[in-house]
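Before any comments, here is the structure.
Labels run A, B, C and D following the written order; every chain starts at residue 1.
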Amino acid sequence: MIKIVVAGFKGKMGLTATKMVLENEKFSLVGVLDPHSSEKRLNELSEFSTVDVPVFQDKELMVKEVQADVWIDFTIPTVAFKNTCFALGKGIRPVVGTTGFTESEVKEVQQLAKDKNLGGLIAPNFAIGAVLMMEFAAKASKYFPDVEITEMHHDNKLDAPSGTAIKTAEMIFAERGHHEQGNPEEKELIKGARGADYKGMKIHSVRLPGLVAHQQVQFGSVGEGLVIRHDSFDRSSFMTGVALGCEKVMSLHELAYGLENIL
Amino acid sequence: MIKIVVAGFKGKMGLTATKMVLENEKFSLVGVLDPHSSEKRLNELSEFSTVDVPVFQDKELMVKEVQADVWIDFTIPTVAFKNTCFALGKGIRPVVGTTGFTESEVKEVQQLAKDKNLGGLIAPNFAIGAVLMMEFAAKASKYFPDVEITEMHHDNKLDAPSGTAIKTAEMIFAERGHHEQGNPEEKELIKGARGADYKGMKIHSVRLPGLVAHQQVQFGSVGEGLVIRHDSFDRSSFMTGVALGCEKVMSLHELAYGLENIL
Amino acid sequence: MIKIVVAGFKGKMGLTATKMVLENEKFSLVGVLDPHSSEKRLNELSEFSTVDVPVFQDKELMVKEVQADVWIDFTIPTVAFKNTCFALGKGIRPVVGTTGFTESEVKEVQQLAKDKNLGGLIAPNFAIGAVLMMEFAAKASKYFPDVEITEMHHDNKLDAPSGTAIKTAEMIFAERGHHEQGNPEEKELIKGARGADYKGMKIHSVRLPGLVAHQQVQFGSVGEGLVIRHDSFDRSSFMTGVALGCEKVMSLHELAYGLENIL
Amino acid sequence: MIKIVVAGFKGKMGLTATKMVLENEKFSLVGVLDPHSSEKRLNELSEFSTVDVPVFQDKELMVKEVQADVWIDFTIPTVAFKNTCFALGKGIRPVVGTTGFTESEVKEVQQLAKDKNLGGLIAPNFAIGAVLMMEFAAKASKYFPDVEITEMHHDNKLDAPSGTAIKTAEMIFAERGHHEQGNPEEKELIKGARGADYKGMKIHSVRLPGLVAHQQVQFGSVGEGLVIRHDSFDRSSFMTGVALGCEKVMSLHELAYGLENIL
């Protein structure tokens, strides 16, 4: 059994992670950390009424009282960086969900992990399905350079295209390079019909009530088509990836950046 | 058996229509017309080697020699208008595939059909599937005003959005009116991501090799989604509609404009 | 403003309906009923802390104290039947979500509504999207008799095919009759590959974790295809239909059975 | 420029391959072979009227008169085996499309290629899109063991499931092993609803007019879904793979079996 602590357990992601650890029979929850908590034991909270696990407000205190193999971190970026260094310093493998580390911060914690000979994982996106979609899309673009991305989200999303769509386009670009698509003479009867242009490929953003987070990468070639689609229905979709991360870091001797690097 | 002549039989659509008439057991092909033909009988052409049907270069001559119930016309617009008037004058019901008639020309042939108490059909689009898609989309928009259209075509198509997409949007607008969709604060990180705007609804045009002609109309509402999709794989898709037209005009006493009006 | 009471408000559907009434500006919630409730006012419940509406355990008492136009009912079938008769007797238009009425019970309440000159609605399914899908599918089958249904649900669902799939098949059968599909010589290399057979059409049931409730009706004809798909992501999808029902019954003078009859 | 000969050029696949070679600027067609041909030069055939390339009825004669780098073979299995051995013997790299070689025949030609230090490729399926779909599906099943396959073909296909669906299922099985899916208590109200069972995963076969050859592999996990879909619209879809094969064999020193092994 892998012994795990969860930092930032009072946030939405932290809460979901805490539940995942409790439900997974390979894991044992040994402590949770959150400066915003006031409880001493998890069972003081109604949704964890049967769970007798200590709650900590201070990380120094936590590592003194409990022994952990893995440190799941869903705090804010500035805290997460300090926590990651702290965990590695104490011999605990970090599994961190954040998009907020700078390149030099990533390098720093990777060096620290190497020095300590410890595994670790920092992932901007824990949805395995999304990560597989991007990886498959990049590979397919080697053989099918003509590709369009359609991402679909609920209509309260502000930005278009989505971060995942842009990341996917970047990964495809790295594989196939710039490639001007469509008919050189094509013209838009209504502006925007052909979507956003990224290095010759097109991205379309659909926004409708009822949708959650979906993306389709569509390839076309002579006489055939290939479509890779990911649907994310709710936050719990990230937890399969967090669980995988907790297992993998146990056998790693370095800190990986990006879920794709442990698949 | 309905006796049919095909005008413009040497063109791609005319040729496909000729074959459809020959294969349909309710129909009997009695003659074909094309000023660009040099044959006297269809069996002079290798693909019709077993079909003993007269070929005409002149319409006056044709109606003298053969008696027809229905006149299928796949000629060019100017010819098609004269042919339609001519057919009605001779008591033959026209089934015409064209987008080229002016409003006043349509009214003129409709009056002529009424005077003669004859059925007839002029259709810009004979693909029943596409017509049903548009009709269903318009109806659904009464209950689901939030809708986006994605049309997908091969990458040698020049115009975006497609004519069918614009027609669909017009029909939806007639039903639901103007309705501003998406988040009022939404912003495009890359220009064009949110597609073409038509009265508040969005249209996206995908162009990829391998594709033929496809369209998807996607509705979203609280907790649910509805998608109507049509795929046209080749020209033969129009023939189910032409066949239906030939049958329907036999019992009509006026000339319908648009396949949707005989469904 | 339409004045509404909700019976069975402590159940999942009743609770969702109560919230819908409160959020819709055309509606005014005047009372809620549930024998299993112990509150006197809705604001005793934390999720309704700002809503000062009376709670009743007894229907006789409710109609004495509040005046309502519409009676939404999400109780169990036996209670729902009595409630529907009671509401009509008191001049209140019923909007009832149930699959449990017998044919003679439906007739009885329809007669009662006619006698009282009151509108009403009993619907086994309030998801407008699903109802439109079924209606469109039935219409399309007139022109495209070849059709296969694929329904997709989470993998804790016990029955296959789903009730909606069977209802859809029945509606298609009513329109197109029996029609043997596929190749007469076709053979299954693995038993079950071609799905369930209903009057010659095929039904396929997909069960996977992560899915909610989805159905796709797929038509094929020479050179073209038509797909109608409905996705239900959560219980709230029913509420657009309940809201529509509450508005429609105000102008009806009879009780409709099935949401499709008021669309 | 890679110098290529095409064996079996009078068959449908051979004809399509011949055209592909002529259209690809990296390739030069130096000869075509078919015992069923009577021409001496390709330009005797109307569709190749501008192509001055020799036609051979005898392979011995061909290799005497022209020098080739690659031998594309779309003959029947018995001939293909002899041709493959013959080509390797003459120092020409074979690219063979066949499903008909026995395991020992494959081993024999692989040994011969190794002895001659020559590249080669034998592929039962040249559709890169289909091969990528299978490869991606197998990889995804490591993380998402719950999967259902739906394959869709025109309704004159006799066998269900398709060979590609069974191959996909085998590749998934090799990755994830046996895994019983769905609810253990699930029951079919109509026999066959849950499809064909292969090691716990389900396969559904749709047959409709208008369809060509399509397959969808659908994965489900907590809160998310992943779909990989391939559409084959016509025979030309195989040619991207044949072209890739012709390029790759030039730098190989062994004979690969299966397109996936050169991707």
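One rule holds in what follows: contacts are C-beta pairs under 8 Å (C-beta built on N, C-alpha and C of every residue); 3 or more make two chains touch, one makes a residue touch a chain.
According to UniProt, the chain labels map to these proteins: A, B, C, D = 4-hydroxy-tetrahydrodipicolinate reductase.
None of these values were measured; they are calculated from a predicted model.
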Outermost chain relative to chain B, judged by CA means, is A
Centroid of chain B to centroid of chain D, CA atoms only: how many Å?
38
Between chain B and chain A, distance of the C-alpha-averaged centres to the nearest whole Å:
48
Which residues belonging to chain A are in contact with no fewer than two other chains?
210, 219, 221-225, 231, 233, 237
For the protein chains shown, what form does their contact graph take: line, ring, star, complete or other?
complete
Tell me, which parts of chain C touch chain B in their complex?
127-130, 132-133, 136, 139-140, 143-144, 219, 221-240, 244, 263
In the complex, go through chain C and note every residue touching chain D.
146-148, 150, 152, 155-161, 166, 181-183, 185-198, 202-211, 218-225
Could you pull out which chain D residues touch chain B in their complex?
210, 212, 231, 233, 237
